[in-house]
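Handing you this structure, nothing more for now.
Naming follows writing order (A, B and C), and every chain is counted from residue 1.
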Amino acid sequence: MTMRWFYYAAPQTFYGLAGRLWPWLAALALALTLAGLWVGFALAPADAQQGEGYRIIFVHVPVSWMSMVIYLAMAFWAVLGLTFNTRLSGMMTRALAPTGAMFAFLSLWTGALWGKPMWGTWWVWDARLTSELILFFLYLGYIALTSAIDDVRRADRAGALIAIVGAINVPIIYFSVKWWNTLHQGASVSLTRSPSMAQLMLWGMLLMALAMWVYTLAIVCYRVRTLIIERERHTDWVQALPEVAGAKA
Amino acid sequence: MNAFFAVVARDLRLAFRRKAEVLSGLFFFVVVAALFPLAIGPEAVTLRHIGPGVLWVGALLASMLTLPRLFENDWRDGSLEHLVLSPHPLGLLVLGKILAHWLVSGLPLVALAPLLGLQFDLPSDALGMLALSLLLGTPVLSCIGAIGAALTLGVRGGGVLIALLVLPLFVPVLVFGAGAVEALSSGLGAQAHVSILLAMLLPAVFFSPWACSAALRIALE
Amino acid sequence: MSQLQAIALSCERGGRPLFAPQSFTLSAGQAMQIEGDNGSGKTSLLRMVCGLAPTASGEVRWGGQAIAEVRHAFSRDLLYLGHNLGLKDELSALENLQTASVLAGHVVSHPQALQALQSQGLEARAHLPLRVLSQGQKRRVALARLQLSKARLWVLDEPFVALDTLAVHALQQVLRNHLQQDGLLLFTSHQAVDLGSAVLPWRLGR
């Protein structure tokens, strides 16, 4: 079993695998997104208190969830990379970061879009939104660090370390922000107090979450392929690839 | 243990012979603390309210200013490699450097903060809690900041990059540190805050040297 | 018996191997001089031997065991001096020597350090900050450090650079003493050196 994993950890093998996978994943992501949006915007009934505006929840909750999951995935690959020293781990972490940052940003943006019609403000210092903001900063920190270091190997390893340190701190940060919020504000305004979940609404959110997960897989496959070509460009097998040989011709 | 004290003594000696670097951090703290009343207005009620928060943020930023210095000089003159190649555990030596850094950059903030607190018309018990919370919190800042400093050795835009990496990680310390003073002022009592600050200090002191060692080895590769 | 073995060492820079895999053995009392053009990877090779830089392939063995396994013992036996001397300008020569010795794993007393500086002709300046010493004098402080070192393996990167004739002789004497006491020496230099016994040349290049 371990041998299989290390086989796929070789950039050359992964390149082929990812190349075959990503178009299917992208198509699946599109299908799931359409299904989820249909459930969320067409099928699910309007909420008694919040009217139609609550529908943003079908985007807000899945993106928030994804931003957390992706950070954990980054930390996972970071640990793998520092332990086993495989080149692919560093590429996976780097490929995940922009998508994670995007989801974190979307979470903040959809949170604001929800907040404005509901509570009249664009921003509210709700515990979850604030934690999301800090998570966004953690993503930015990782991206800034890996971009600033020229040496690829050092950048990967330094980024892995900061990702792990961040991951360990996320529960501490969440706890402290939650505590800070309840003390200062009272629970009057909260985006976590979502309307009672009808079965259909849950399905809609699950579909959207799954869609985003599959999208992430697709885009990571695609991005890692680009990273592989860039980093392994001096090897024979990359030079022999049709897309590379064709570009030079 | 000998080596630990040797590192602390050496770094302290170096700091005292480079006073300008050390004092600039403190002056920064004083200046930042003065900026807020200028920006917000001199009403005593407002100042008393924002005082603890402003001073905590000021201390945080002043600590951060001095972080690049922690490993930079050693890295430039080649002594960092001697630390890494030493038979003594690198974590112990790094802890020595962090301790020296805190003694020189953190502890003076603890002493200065109550004085600046007078500018915000804080009552004496609040000043005391401010000093205590900073006493417990600034070592955590030094510990976490050291990891950022080690990761960004020799990297372009080092100072700002450290800030971006490390400020989000400081949030819990800030929340409980500033919160302690406010809890005391509002009569709720700050025991929980102080306990939590202690609970953050101990893992930081144990975990940070280990993470810094890993980061330093990565930087030296 | 102390012995340094390099087995198929290679490293990469920018994705390309710097040099073909290098294998060599160094025994007690032997010195090896690594030669090569600028950029051929001499410093990288030395750093790999010390364990500072990762190897793209191969391993380094000290006393028959991989250095990763005997890290503590290896670091006790190793003295590495890179291009930068590892000296602090704000500290005096004495303070530098004493701190360096503690960090290297054996404490050197005040009189011992003073004596080493004396032999380098620096006793009058022993208490002054290194900042006021000339470059040549600073190098002699580094020499004093070598004299005091009890490490068995010395890895020196360009130790002879920018030294005047007198200093070159002084350094050669220190190195000769080290080899006579069954020490090992690995160094890089562009020039020919006289160390009493035969120096193994090693050429790095494609």
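Criterion: a contact is a pair of C-beta atoms (placed from the backbone, for glycine too) under 8 Å apart; a residue touches a chain by one contact, two chains touch by 3 or more.
Please read these numbers as outputs of a predicted model, since none were measured by experiment.
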Revision key, fill the gap. Greatest Cα-centre separation from chain A belongs to chain C
Check your understanding: Can you name the chain whose C-alpha mean lies closest to the mean of all the C-alpha atoms?
Key -> B
Check your understanding: Per the centroid of Cα atoms for each chain, what is the distance between chain B and chain C, given in Å?
Key -> 37
Exercise for review: Can you check how far apart chain A and chain B are, centre to centre, with Cα atoms defining each centre and the answer in Å?
Suggested key: 32
Review point. Between chain A and chain C, what's the gap in Å when you average each chain's C-alpha atoms?
Key: 48
Review point. By residue number and range, which residues of chain C touch two or more other chains?
Key: 54
Revision key, fill the gap. So chain A residues touching two or more other chains come to 153
**Study point:** Residue numbers of chain B (touch at least two other chains)
**Key:** 221
Review point. For the complex, which residues does chain C have touching chain B?
Key: 50-54, 72, 75-76, 78, 80, 82-91, 95, 99-100, 102-105, 107, 129
Point to revise | In the complex, chain B residues that touch chain A | key: 147-148, 151-152, 155-157, 161, 164-165, 167-169, 171-172, 175-176, 179, 183, 200, 211, 214-215, 218-219, 221
Point to revise | In the complex, chain B residues that touch chain C | key: 2-3, 6-7, 9-10, 13-14, 17-18, 73, 76-79, 81-88, 93, 220-221
Point to revise | Of all residues in chain A, those that touch chain B in their complex | key: 82, 134, 137-138, 140-141, 144-145, 148-149, 153-154, 157-158, 161-162, 165-166, 169, 172-173, 175-177, 179-180, 183
